[in-house]
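Order of writing sets the chain letters: A, B, C and D. Residues in each chain are counted from 1.
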Amino acid sequence: MVRFGVIGYGYWGPNVVRNLTSLEGSELTAVCDKTPAARRRMQKAHPGITVASEASEILSSTDIDAVAVVTPVWTHYELTKAALENGKHVFVEKPFTSNTAQAQELIELAAKKNLKIMVDHTFLFSGAVKKIRELVEEGALGKLYYYDSTRVNLGLFQHDVNVIWDLAPHDLSIMDYLIKETPEAIVATGQTHLNGFEDVAFITLYFPDKVIAHINVNWLSPVKVRTTLIGGEKKMLVWNDLEADEKVKVYDRGVQINNRQGLYDLLVNYRSGDMWAPQLEQVEALRQELAYFVDCISNDKTPMNDGQAGLRVVKMLEAANDSLRHRGALVRL
Amino acid sequence: MVRFGVIGYGYWGPNVVRNLTSLEGSELTAVCDKTPAARRRMQKAHPGITVASEASEILSSTDIDAVAVVTPVWTHYELTKAALENGKHVFVEKPFTSNTAQAQELIELAAKKNLKIMVDHTFLFSGAVKKIRELVEEGALGKLYYYDSTRVNLGLFQHDVNVIWDLAPHDLSIMDYLIKETPEAIVATGQTHLNGFEDVAFITLYFPDKVIAHINVNWLSPVKVRTTLIGGEKKMLVWNDLEADEKVKVYDRGVQINNRQGLYDLLVNYRSGDMWAPQLEQVEALRQELAYFVDCISNDKTPMNDGQAGLRVVKMLEAANDSLRHRGALVRL
Amino acid sequence: MVRFGVIGYGYWGPNVVRNLTSLEGSELTAVCDKTPAARRRMQKAHPGITVASEASEILSSTDIDAVAVVTPVWTHYELTKAALENGKHVFVEKPFTSNTAQAQELIELAAKKNLKIMVDHTFLFSGAVKKIRELVEEGALGKLYYYDSTRVNLGLFQHDVNVIWDLAPHDLSIMDYLIKETPEAIVATGQTHLNGFEDVAFITLYFPDKVIAHINVNWLSPVKVRTTLIGGEKKMLVWNDLEADEKVKVYDRGVQINNRQGLYDLLVNYRSGDMWAPQLEQVEALRQELAYFVDCISNDKTPMNDGQAGLRVVKMLEAANDSLRHRGALVRL
Amino acid sequence: MVRFGVIGYGYWGPNVVRNLTSLEGSELTAVCDKTPAARRRMQKAHPGITVASEASEILSSTDIDAVAVVTPVWTHYELTKAALENGKHVFVEKPFTSNTAQAQELIELAAKKNLKIMVDHTFLFSGAVKKIRELVEEGALGKLYYYDSTRVNLGLFQHDVNVIWDLAPHDLSIMDYLIKETPEAIVATGQTHLNGFEDVAFITLYFPDKVIAHINVNWLSPVKVRTTLIGGEKKMLVWNDLEADEKVKVYDRGVQINNRQGLYDLLVNYRSGDMWAPQLEQVEALRQELAYFVDCISNDKTPMNDGQAGLRVVKMLEAANDSLRHRGALVRL
């Protein structure tokens, strides 16, 4: 039985708490939040569990084996460090830390203490991403050409980070999982309209072997869009996460260029075949992820979304931010 | 009566021909195409009209007042120049020319000869763009924040230009019409997968006063997308050109940041109101455009989509291409 | 403070319980369910509240003022009667009863005892139906022509009633609310494929003044559809309850027939104007309904969805069933 | 070479003419229309072909082997009869005739004269219906449960027939093709709002073996809908004819009822699997149909959509109309 403490009961915390109270193999000992209103909501929803106002109560508790850090990104480093120093495994919200130096330090600390870090890259545990990974792994798409994601809607404006740090970690962690390569270079553009942080941004990632990725994030869109196109040599797919069913559609479409001897012109062949929407696993991604964390702790396994994965995403975020500040200057990784 | 000759009867030429034969005030004298199959199709569809194999027959004809150049971009300069030198007005496909020097020269030549150039920026004559322009002009959207367009589908691969030169002129001419400013700088990224020309590309345009624009063009998408988001301070809109009805949806949604004195936190107000899909004019855009060209010739008016407008688009294309070659380097205009 | 007991903790019961525990003015005293698994789920979700296995514990409790009957339809009559006899107000699931005689008897009993009955016609409290009612009331649609609803998906098969008794009460209660007339006659057709109850059915209702209504219900559809078209003389609307936003779209479209003197032919004028999607109230319908029930009890008001409304729906269900048995024979009401 | 004459150049005639002029094996000799405007349009579009004002010129011409009757339904009988008597094959618009007696007489006359009748049930030649027929034939759907079609939009109001005679022939001919059984009985309901003809109607067809079909036709809908659900024991499909791609979606979903020995309750198993959108043939249906007619004439084959098929549809229309007049009375066939 892994005994958990949760720090932060804001937007996402209640989902972590709900799952930790009902998962097999986990037990929720205490939750803390600085805001009285959050503590009252927690108390009402889960009457039997200790509610504290200070993180220190969680961090120093001897009844807690693992801490979930569900707080703003600028607090991740300090809280995760304290938890590790107190001998606790850590499940921490994405993005892992505010910069790569912090991430490096935490990874080393965890290694020294023989503790697990899991970064909450929730989408990796969704039915859609699992199926896409499966298609990529088995070669169904053929050689990858591009990954192109649009992730926009109206708000929520963050007060401490720009739209890239808020929305892009999703796609960066998914790319990291699917493409399994480090991008060679990143170009980001964007604009600040309201409060000093970019609210519209566009990121291009150059991966090896001509794979290109693009992320369109926007806090000022009138409509919500969560659509990713993935193109490969053999097949292409559209993942629309807002569809109730049929989130992933695989198209048997493609293009082939034949260079005919002695001909100036290229011969382009288009293939247009069936579309297929595979049935996806219907489980809650966060629930699967937390069960996996409990399993990693109990059986001393290294999570795929460990500190290293978190660090890779932070590296890309840093590079994107750097490029953004210089209006699209190429930043090599 | 304006007497027309048409050069080029490939993909778009038949539409120009069909309209020129039925418009009031225009008369079609002759059509030429190098390809025998194209000439046969023309002959069959329009039995009464002269069909030639050489452009020179059109260019030198004394029965022709205006020439429509509906050929690949690399031929535009030469054909337009010859037409102007022969005293003919010119309607020329987008993009106007292969580079700005050519465009400049043609503009000067037309001015000297007192002839009209119209560049076929067809979308400016569509019901959707007209309505959007009206909304922008009357201030319904408020100060503009961004223009974000996705224009993707499978093929047609071009043999002489990349996907930017093929698909971006639509959005660049629309932006030029709506924003009425020259971008300060352009960043473009993309990748070549098949035949040596970029088939996927992403363009960011920095306009004055924090207006940002973005164009996503792709020849390798499994699905066709023609969607543009336009965000303003007061209202935002989505233009989906593939919808049968309701192509333009205007959302009474927005965000306001209030900086309260003495408060650390910003106060963000979201506004979420009605959506409204205005009835759009149902006319064929090309038909309206050609009627307007006839009118400009007959009444000696300068078209809004004249050589200067064509030049502005070519300038942006050149800059985008330049940035693309240098993996997103900022190109100032 | 109205003290509630809830009978039934199956599919819908948990929603009633959740709202009763958090609404102002209501207090949840006890919940009962015959199934041990349901009782365990209730216990876990709401640790502080009494959980019983027998309805009699709720019905006879002196700490309960009002009972929510959230059980299969064939139990409604008996449970509601017992609750009323024990001096308790009753909130009862739709459809109210299995037949009109039962409904009549319960209405009379409640009147005699001066108690309230509310039938759970939840949709009347949704943002969509409220807005539609508003549009009808203010005459925006003009004279009504038709109400045409499709309500289909795969399962859930009921074991005790056919698809009409399962799905049609929603539309019948909405019609009753919007049209405010009793249908003159009903025609229903359908077919039984699997378990002896009709799983596909089509109902036509002839209302006075040429208003016609139609309901398409189906347990065997591969896709979920919840779409209602409402046509009026001035405007028409589409209500798609599965849309995330823009559930209700109002079309300024219509047809007018002008009978020109001395002309054989009719002159038909089509009007095609803007579409408008009004912002809808975003509250949970059930929550509003239960708050309204508490208000009706506390301030001795008659609910609009009282026993009489429940009876009118049961009458239509009986007539539809009767017609269905005779393959579409007209049943007058 | 089959030499054609076309009677009627209104809404559909131009499509017949366009195909007859370009098909191999057919030649268009003459076209007639009573309306001067229609004749002018024809003349302009097809300068080389004889245009007449009277049908008799077509009917009596010795240069014509086959006549296409593309006129209102009330004229079909007379024109078809005259054509047959003059020794000409006939391609006639749907519905075949105004009543079954006329259809019978024409079938007999054609048989006596050894001439072909083809009724224009165009949809049978569309890629979507061909694919659906294929799926039904190969047993992919399993035993059929239902066919449920919605075919609605705003106008065009017909002056001589109601909405059933206008829109239902499409679905009736498709059913006739797919189900290959005669319905046992028909129930139709509807309402007249504007000009004395029903503008909204709902038809139920009881086929043998518990197959049920339903058609929803409406001239007063604010939106265009062309959606058909087809449910079978093994698979179910949705045909949305307004989708650009993916018109037909096949769902591997179903329900199975297991009657467990000694158990009161039924055990319902739901199956929820992949969805699959087969690539459809992209040809123009009318073009294929006319090519097939030329082939039937040239090689003396009986068309599948012959007079008998036309008669079966007229029989169903008559029965539906009969039921409609009696507010849903069951009409046996």
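Everything below uses one rule, namely that a residue touches a chain if its C-beta (ideal position, glycine included) is under 8 Å from a C-beta of that chain, and two chains touch if they have at least 3 such contacts.
Note that the coordinates shown come from a computational prediction; the quantities given were computed from them, not determined experimentally.
Q: Determine, using the mean of C-alpha atoms as each chain's centre, which chain is farthest from chain D.
A: The most distant chain relative to chain D turns out to be A.
Q: Could you see whether B-D or A-D has the larger number of C-beta contact pairs?
A: Output for the comparison: A-D.
Q: For chain B versus chain D, what separation do you get between their C-alpha means, in angstrom?
A: Roughly 42 Å, centre to centre.
Q: How many angstrom lie between the CA centroids of chain A and chain D, rounded to a whole number?
A: Their C-alpha centroids are separated by 53 Å.
Q: Could you check chain B for residues that touch two or more other chains and list them?
A: Only 223, 245, 272 qualify.
Q: Where on chain B is chain C touching in the complex?
A: These residues of chain B touch chain C: 245-246, 252, 272-279.
Q: Show me the residue ranges of chain B that touch chain D in the complex, using the header's touch definition.
A: 22, 44, 47-48, 223-224, 242, 244-245
Q: Which residues of chain B touch chain A in the complex?
A: Touching chain A from chain B are residues 145-146, 148, 150, 152, 154-157, 159, 185, 187, 189-195, 200, 202, 204, 206, 210-212, 214, 216, 218-223, 229, 231, 235-238, 249, 251, 253-255, 257, 265-266, 268, 270, 272, 323, 326-330.
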